[in-house]
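Please read through the structure below; I'll follow up with questions.
Just so it is clear, A, B and C label the chains in written order, and each chain counts residues from 1 on its own.
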């Protein structure tokens, strides 16, 4: 007698369990970029606020290339990962094939980890970043369109 | 015997079904701004990273007005749409009038589409952008306050 | 006969009810930073778009220190609060101790309010901002790791 939603959002549903798992991995991945930014700030002693200066060599500097690179990776995460969190959650309600859904969640997560790696850990030539971005982007669109078509 | 939450988050609840629909539209709307930014970057051959330069005419440039405009639209989306996703989801738990709730979701979605349009597709004079922002902002506050009052 | 998820996401579950409450507070807190940015823009008559100029004294200026400070507070919120919304929601599924979970939600919310206050309302010397950031960051990691371990 339960509703479809309560079934779909049960951790006994392997699709939803995979969603919970990969979404949590993405929380940690998103938070990890903070470490990449902080590492650059503290090694170059470059900060955004006067109150952050840790010693006399520290300076307030904006636009430093080594700090801006992980910051751009961070912003790109904010543009893509919250969209996945919500659309993945709603996509679970469409009763998708478990094989497809779990692999979409997995591919999105791997693509975003790869995106951070090639953008801000070991910068690699294109199209490495473009491809990792495009995989995540296409998966998000697929899930959102599937959800729209299912409930339209 | 089901809990209130499992009822409210059932796709047989028209409020929740509308939430799922409009949230998915907003996922696609948010992702669409990427196209607006990329269009400017490729037409002006202006990029943020040396590895992105597609030919000899391409340059690393920051602060270009035509690129920054859709980027500001994108950031404004990030400041408002994820807040809608969560507060809309939680607002469904307050057993709102279906008429009111569905129209709030619809108005928020239309307002954010209008915001992108007047900001970054065909820039229009104020107060077009201010109004489209304010509608979305007020709806989000209304839903968050309603949820707080319901569960306080 | 209900699923674990439908139980955990019931408003009769005190952990979930606290999640709903504090997440809604954080929606309002996030939206409040808009007021802090707008206050600086209108008092200094500094805007980002030509169509925003309200009178002849208004100018398009980027990088003004007084405007950028609340904007950085806003971006820091975007880097941390949506991650809390999703990981808090999923953490409710792990059947945590109500005492622990409710205090984690409460501490995260207070830490983010403190972060905004010491960053953009009354700028205070470090480590006030670093500490308020770190509390929220550590709680988010704890909830994400707990969720991963529970469902791995």
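One rule holds for everything that comes next: a contact is a pair of C-beta atoms (placed from the backbone, for glycine too) under 8 Å apart; a residue touches a chain by one contact, two chains touch by 3 or more.
Just so we're on the same page, UniProt names per chain: A, B, C = Microsomal glutathione S-transferase 1.
Bear in mind the structure is a predicted one, so any value in this text is a computation, not a measurement.
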Q: Give me the rotation angle that lays the C-alpha atoms of chain A onto its copy chain C, rounded to the nearest 5 degrees.
A: 120
Q) Over half of the interface residue numbers used by both chain A and chain B, so same, or under half, so different? A) different
Q.
Between chain A and chain B, what distance separates the C-alpha centroids? Give it in angstrom.
A. 17
Q.
For chain B, give me the residues that contact two or more of the other chains.
A. 2, 6, 9, 78, 82
Q: Would you mind writing out the residues of chain B in touch with chain C in their complex?
A: 1-6, 9, 63, 68-69, 72, 78-79, 82-83, 86-87, 90, 93, 123-126, 129, 137, 140-141, 144-145, 147-148, 151-152
Q: Please give the residue numbers of chain B that touch chain A in the complex, ascending.
A: 2, 6-7, 9-13, 16-17, 20-21, 23-25, 27-28, 30-31, 34, 48-49, 51-52, 62, 74, 78, 82, 85
